[in-house]
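Each chain carries a letter (A, B, C and D) given by its place in the written order, and its residues are counted from 1.
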Amino acid sequence: MPSPAPETATLLIHCPDKPGLVHDVTGFIASHHGNIIDLQQHIDAGENTFFMRLEWSMDGFLLDRTEVDPRFSTLGRRHQMKWRLSFSADRRRIALFVTKENHCLYDLLARHESGDLGIDIPVIISNHETLRPAAERFGIKFAPFPMTRENRLEQEAAQIALLRDLRIDTVVLARYMQIVSPALIDEFSNRILNIHHSFLPAFVGAKPYHQAHERGVKIIGATSHYVTAELDQGPIIHQDVMRVSHEDTVADLVRLGRDLEKSVLAKALWCHVNDKVLVYKNKTIVFG
Amino acid sequence: MPSPAPETATLLIHCPDKPGLVHDVTGFIASHHGNIIDLQQHIDAGENTFFMRLEWSMDGFLLDRTEVDPRFSTLGRRHQMKWRLSFSADRRRIALFVTKENHCLYDLLARHESGDLGIDIPVIISNHETLRPAAERFGIKFAPFPMTRENRLEQEAAQIALLRDLRIDTVVLARYMQIVSPALIDEFSNRILNIHHSFLPAFVGAKPYHQAHERGVKIIGATSHYVTAELDQGPIIHQDVMRVSHEDTVADLVRLGRDLEKSVLAKALWCHVNDKVLVYKNKTIVFG
Amino acid sequence: MPSPAPETATLLIHCPDKPGLVHDVTGFIASHHGNIIDLQQHIDAGENTFFMRLEWSMDGFLLDRTEVDPRFSTLGRRHQMKWRLSFSADRRRIALFVTKENHCLYDLLARHESGDLGIDIPVIISNHETLRPAAERFGIKFAPFPMTRENRLEQEAAQIALLRDLRIDTVVLARYMQIVSPALIDEFSNRILNIHHSFLPAFVGAKPYHQAHERGVKIIGATSHYVTAELDQGPIIHQDVMRVSHEDTVADLVRLGRDLEKSVLAKALWCHVNDKVLVYKNKTIVFG
Amino acid sequence: MPSPAPETATLLIHCPDKPGLVHDVTGFIASHHGNIIDLQQHIDAGENTFFMRLEWSMDGFLLDRTEVDPRFSTLGRRHQMKWRLSFSADRRRIALFVTKENHCLYDLLARHESGDLGIDIPVIISNHETLRPAAERFGIKFAPFPMTRENRLEQEAAQIALLRDLRIDTVVLARYMQIVSPALIDEFSNRILNIHHSFLPAFVGAKPYHQAHERGVKIIGATSHYVTAELDQGPIIHQDVMRVSHEDTVADLVRLGRDLEKSVLAKALWCHVNDKVLVYKNKTIVFG
């Protein structure tokens, strides 16, 4: 694992646009001797809304971690801001949900082991036993929640209890072939990432590679998005595509598409845990 | 304009699959001293159907152009083949349909002038006068057909009469902002190419860039397809995409997308006029 | 041509990095009632250098166009900044240099006609007569400078005189098959754009498609860069690539590559004339 | 693991081009009641050389596996063919060579476990102990060969002995940070795959991401090629690229590039083990 980078703080902000916002926010940082590492802003003229990502070094910053949010709130409230503050030292605690396919799981575990993601993975949750050996190989707790029509509500409640118990921050559906419960979506709003194996909004729902083959598209895709109540309609975080041809059968698309699925999900998760993603009205601002 | 390549003949074939088809077809060529330049075949196992593209040199071939089809038909009928025979010496006669946007038009005219497409363009048809100067710059007849609710049927009939009169082989809708008539679609079955400014089947219909912006996709696309009776549902010939971000307004998508539209349409037309495309059950086989 | 956007001013800045730079610069804008439209900054930690692009509306700004630079200079000098100030109302005057190939030329002329580039093109310069009709079709002055070993120095001097006379801001080598003179490079430092038909630094120099075919690469590319004294070694502005295969002959690569060349050059020019590009130590910062 | 596909045989052929080759070869198959599954041919007009890939079902074929090659040789010799015959039932035995980086290794092991590659991996060889746990997790023999200046020749000989002993067919250098010995290259001609972390021929040799960053390229790449005596000069099998920007440090390129490296190496290996690759004069024909 690479040596840890120096601690930083990150603010994700949005508010009604007006002149002077960047000056005010950077003034807050400068007045406490903060050194800005990354500043990105975006104005949606149609929405008259200002978006900003600000990352600064905590090294030499005059405020303690616990003081930052209270002190910033005066400024934030004056501009009707909504903001989220995070610290790089707080490693995100991620639960992976899987079913039977191993490609996204192994991909995330390998990235995790090499330290690329900077996360903790306290648990892998599944509705099947298939991937228990994969979890055990990497020394991660495997929690099976087999689902039947009868036990579903109970199992979903038990899942949420476990996630709370493990202080999970974010849920990643790494090819989890179940609809997640409204209660889970509520509790982890904009903190459940899914990977859908199509270029959304094309081919919503089941068997997208079959749909793509049937339609005769020349390019297939994968989409990672936050899960919302409406199936495959949540804010899109990242997408990628690859070229296919008439030679490719559905089985070929399934095989080829795995490469897209794993890289797209991993990239979306990387953006999420590095506080690059801001959700606004069912769309994302993904700062580069 | 580059010097003309030697004359070739091309057969596009499909039929029920069975052993020996390639051997039989290549036997026909070999027995008349033909030299194969390109042979591609594809088997759709699900459909149990055999597809083939065969191009051979007419130089030294023992049959005259007029004799090829009659002689091949014995073999073709024995295997229940459907086939299309064409000769490179027969330049395709293309009518371009445009409205007000010039990017696809200029792109095709520039390719035409440099000889890349190997086509004739006897006429540019439009429902507006806007692009008359563009046509005139390149010395191509400009035929305006302004459409009103009252004159539509009459104008559509006049268009078809003109296309017949000019012995047009293929119609290219190069950002033509009108629904074409069922009569035209019937007459030019699988010979009308359209460019749709989205990654179909996402964002069918009007204002696809607005739809894409609204949905917050991270990639936009363009699709060239043959026109069928159902809007934006015809067989896809070629697609391409590009990455966009939250920074891009609808106006940016419109501007950026033009590059996709013109290259995708030009590539589809190139495949079409070089007899690379075979349509089967609302999908295309595009031989490389 | 679309209606003109409201006038903006743009500052491109770089200087040694230190805390408070964004705050100071945005303070300058805020104190004169400027409304920031785009702010992007980048810190090169290795170089300890700060880079910034700032665009603000001149609508309601308290300083006149002529006052901005003098007033900013106090701040700029305090931070050892190098900066470039430009106004959207000042349309760039571009000279296109061509030889015989028409694809980049027509592509730029079509974009110019549709108003996408927001430039003036007072002259097309060539060492051949081939593309005179293309220039004349678009009503642009065509200035031929045929080059021989004997007249070269004289012709180059005459070119520069013409460029000065026409108050040309930027030179675009749109497939100009001549080495440009050191005097021209000096006079238009970081204001001569070239398109090289390879993915630099692969295949420097002559006949890159032949080199690519010989090496058997599976992807070809095109690169637009600023011209410096060393051939094909200047700062890269934009690059793009496409997949090819063993089927593609050198002639195919030439044909296919044209699409890359024209879109890459046009994108680079768009970035350049919209003040998105900052050159630092033979590399570019291209603000998105 | 998916159920095994029916057994097929594959011929990869090249020879001087002349009329009738496809007819003759398909005649051989037809005369023994073989059903062709895939037939691809390519003619290099410049080299006057004919290339072909032919795959047919062994189900119902009148010749035994051991009879195919002897019987075909009459035809092959008549046309001065060079050919390679393989059977899908013969699983390739692959040795993976690694050093310290785990991303390509885990990626290949995950694909192996899911059955995608259809190979056996009898051994993982390394010059370091770092990845022993990774090998052991997947139950694969780990053979360390630490290299010093003194023991190099001896270790290389021992490696080859081990590869022979394990009847290894193909060696994959999955980020193996050692130059392999001429003896190994000789013994496994066109059967050693390497992944180089640049878009070859750009950035040959050490630290390609540093070179790419220094040059300021806007796109990075990865290349899988067969290893020959000349460093990074072997026949290219597959390449891919991704867009980067001035924001990306060398560390970012290293991190981002891993995704390319693993997918490009895996794709190249898939083509290799499925007999899609034919090497001719330091280039590859990769049948689709």
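What to note about this one:
Here is the rule we go by: a contact is a pair of C-beta atoms (placed from the backbone, for glycine too) under 8 Å apart; a residue touches a chain by one contact, two chains touch by 3 or more.
This one's a predicted model, so the numbers in the text were calculated from it and none came from an experiment.
Most remote from chain D, judged by the distance between CA-atom centroids, is C. When the contact pairs of B-C are set against those of A-D, B-D or A-C, over half line up by residue number only for A-D. Here the CA centre of chain B is 37 Å from the CA centre of chain D.
Averaged C-alpha coordinates give centres for chain A and chain B that are 42 Å from one another. Counting partner chains per residue, chain C has residues 245, 247, 288 touching two or more of them. Across the interface of their complex, chain D is touched by residues 42, 44-46, 199-203, 215-219, 221, 235-241, 245-247, 249, 282-286, 288 of chain C. By the touch criterion stated above, chain B contacts chain C in their complex at residues 101-103, 106-107, 109-111, 113-114, 116, 137-138, 245, 247, 255, 258-259, 263, 266, 288.
Those residues of chain D that touch chain B in the shared complex are 19-20, 22-23, 26-27, 29-30, 33-41, 43, 243, 288.
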